[in-house]
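Chain lettering (A, B and C) follows the sequence in which the chains are written, and residue indices restart at 1 in each chain.
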Amino acid sequence: MTPEDGRDKNPTPESDRERNTVNRLSAENLTLAYDQRVIAEQLSVEIPDSSFTVIVGPNACGKSTLLRALSRMLRPSQGRVLLDGQVIQSMPAKKVARTLGLLPQSSIAPDGITVGDLVARGRYPHQGLLRQWSAEDERVVQESMERTGVAELADRYVDELSGGQRQRVWIAMALAQQTPLLLLDEPTTYLDIQHQIDVLDLCAELHEEQGRTLVAVLHDLNHAARYATHLVALRGGRVIAEGAPNDIVTAELVREVFGLRCQIIDDPETGTPLVVPAARKARVTTTS
Amino acid sequence: MLVDSASEQRADTAPAPPTRRAVRALGLLVSAVILLLVALASIAIGAKQLPLDQVWHGLFHDTGTYGDVVVGARLSRTVLGLLAGAALGLSGAVLQALTRNPLADPGLLGINAGASAAVVTAITYFGVSTLSGYVWFAFLGAAAVGALVWLLGGSRGATPVRLALAGTAISAALYGYLQAVMITDDAALNKLRFWTVGSLASAGDSTILQVLPFLAAGTLLALGLARPLNAVAMGDDTARALGVGLARTRALAMLAATVLCGAATAACGPIAFVGLMVPHAVRAFTGPDLRWILPYATVLSPVLLLGADVIGRIVARPAELQVGIVTAIIGGPVFILLVRRRRTAQL
Amino acid sequence: MKTTLTLRTPGGLSLRTDVRALVVVVALLLAACAASVVLIGTGDFPISFGDVLKTLAGNGTAGQDFVVNELRLPRVLVGLLVGASLGLGGALFQSISRNPLGSPDVLGLSQGATSGALVVIVLLSGTAAQVTVGALAGGLVTGLAIHLLAWKQGVHGYRLVLVGIGVSAVVTAVNGYLLTKADLVDATRAVVWMTGSLDGRDWSQVWPLLALCAVLVPLVLVNARGLRMMEMGDDVSHALGVRVERVRTLLMVAAVLLTAAATAAAGPVSFVALTAPQLARRLTRAPGPNLVPSLCMGATLLVTADWAAQRAFGADQLPVGVVTGVLGGVYLLWLLVTERRAGRI
């Protein structure tokens, strides 16, 4: 959003128009670092409300780090993340957890826990010492399991499930949290292609049917272009482009962000941009 | 680790650049000189302060004076320190390579405690009193606990944390056993409380002669395993692909580590951390090539052990601090530092 | 398959508990009470089960009243409280370190308390009360040291475990040194203390322990729900609104206090903190830290072990620590056999 970002050469009409609107989740001038290693500086991002925002970029571009900052897992060394106009770190933890959910990459299913119990743990921010299991909790958990298609697995042990089923269970847990914003860190990693599409379809449904704002980090640019309504392309901790996939995904952008020469064609299924990497010969000539 | 192994693999097929080899060889020479100096210091310095000419007299013109006897005792103590130090360092380096675990150490993995418990059992319940008799118990105890820790730590799936925990838990159980032996028998208590801290002072020349063959065999075996262990460092599948007999290498490496630390423990009692610290320090200089790490560890581990022993004689004058205590007090902080420096992903 | 009991009031209050866990807790409490009564009746002056109950109710003879209420009841109460503290402390440590072997006796706390006690016994030739204070101080200092050394933008389970192991090794060496410095009488006294024993414990040990438990147990239980969430990893629990570092620090402090106090009262009774949470978990078959079942299991275990130590070996009365030590060894072997394949260690 800052003028010195140097993004003016890329067409970003979407975000330009939204600049004046106040979105629920945004990041201003973040400096993000682990120990001494600086990942990003002066990074600003708006998450448009009711969008399915996907963050893409090459390995180590800071996309997961950005997501960690947006979900208050990582405290920025400079700048701030705003949720509903308040600095996210200053808000009560449970209040944030009722507004913003996160599906992290590193989650551990406790030994011998059943699907139903795990999903029920998503109700934590709505519960208290004297309000341990309300009728509302029960209803929401059941609903979340049904939405994600794991209701019939409720009594199974999580360790017995396949990778795809397990990811659905974790999504169900995040849904049970009942947050208008949901952040997903590479939800398709380690899944085979059919389960990847399965999980992404589920995300798209959650986005469309309930007007929920989704933010996901994805590895696969084609998946991102197909499912996102708003795309943020990062490289080296800077936003290179953001906007609707149809507007911003160009051969030039792919080359700038991923260093890959390619053609962009229309996805025959959806009409969204589809990245086709250039054949070997063509690539050899460009790298030299 | 992967990157290191890859570059190291290159070194295996094509010899390292002559300059680097020369530097490493020179380093080994310097280490040997340092070892010589520390050994001399170990003879010259003690809880009882002797003038240097008297030390000289005791070394070369032994006439049985009080000073000569002191020097003689220091000499055998120094020789034992040399042997035990080399054994502990080597077994630590072999264990670290074998388990692909940077925190492996015969003390931390409970192997020393296993040897101790077996020796105590031999002395208390089987009436074995000579070292040549109970050294076999030490081997047995070391091997049994080594295997137990490996299994309890999850065998192939063993992570450094699991292995260290398994070792510590088993050590705790064994020390509990030692305590139970000590409660029931005052004489045993009086002997064991000195033995279980690990000391070079109690052993005489006969002890040294008795453990020498075992230590020599273990050392030769360990040094001979450098090449296959180099391959094992890159993972089981890679090692197999490179044509290493995995089962044989593992068994031999375990045998070498067991014999080395079993014999050292039988002679001195349990001494921890030498096998952890020295290979780590050496690796920083030589890189991950075991063909260099093992010889360096052989030369430098006695430097640490003898150095710790000398410190133990100085700090508590006129009494002495046993070497096992000094190594633990130095080694514990080093261990914690290593843990803190490491990132989650590497553990 | 799994049944839970939910209690809801019109005012919006709702409580929930696992039926099986509830049954386990009740059964363990009954077992602890029964074992206590049997233990009170056991000794050179045996008293029947019924007479013990009668005396406890205040209807015994003068002699029985003295033996029961002045000699044996405080000893049993110390046993119950020490066992409960160790069980709860162990459950907390194992849950925080996410490892069934990550208990305070493996991570150096018991050894630290031992150091404190040995300093008093060997260097100061102190009284029993001073030994207790020394052990408490030693345990607390060690706990603080482990926490500070493991702290690096938060305490992570693996770092806690490894730092604990490092500290444990150093402190064990220090203990060995202190033993060598002692004369034989002090050394004998020290070794008996190091084994852990309930011999000669009286009301003066009961009250401080009871007060500490009365404060800490509710505090821990209030935070138990956060700990449950933390089993799913720091990120997930953070996302659910748990203030991870705060809960962890608070619970660790509580666990250190419980363990140090228990060790100060009875010596480092080994392996109760390690085994009680695991055994409780096997019984409840419930995920989560199982804090209350662990607490009850610890109490039951220690009193039963004390009874075994007095009776099982004929005329020789052994310190209770010997029995729990054997138990710990058996447990480790059992863990080896059953859990190895599951890769849960």
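Heads up, the rule we're going with is that contacts are C-beta pairs under 8 Å (C-beta built on N, C-alpha and C of every residue); 3 or more make two chains touch, one makes a residue touch a chain.
Computed from a predicted model, the values in this text were never measured in an experiment.
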Chains most often in contact, by C-beta pairs: B-C
Centre-most chain, if every chain is reduced to its averaged C-alpha atoms: C
Cα-centroid distance, subunit B relative to subunit C, in whole angstrom: 35
Geometric centre distance via CA averages, subunit C-subunit A, whole Å: 44
Rounded Å distance, subunit A centre to subunit B centre (Cα mean): 51
Subunit C-touching residues of subunit A, taken from the complex the two chains share: 35, 71-73, 93-98, 100-114, 117-118, 121-122, 124-125, 127, 129-135, 137, 155, 173-174, 177
Subunit B - residues contacting subunit C, complex: 103, 107-108, 148, 151-155, 157, 160-162, 164-166, 168-170, 172-173, 175-177, 179-180, 182-183, 186, 189-190, 193-194, 196-197, 272-273, 321-322, 324-325, 328-329, 331-333, 335-336, 339-340, 344, 347
Interface residues, subunit C side, partner subunit A - complex: 1-2, 4, 6, 8, 12-16, 98, 153, 222, 225, 228-229, 231-233, 235-236, 238-243, 285-288, 344
Interfacial residue positions of subunit C with respect to subunit B in the complex: 99, 101-102, 105-106, 149, 152, 156, 158-159, 161-163, 165-170, 172-174, 176-177, 179-180, 182, 184, 187-188, 191-192, 194-195, 270-271, 274, 319, 321-322, 325, 328-329, 332, 335-336, 340, 343, 345
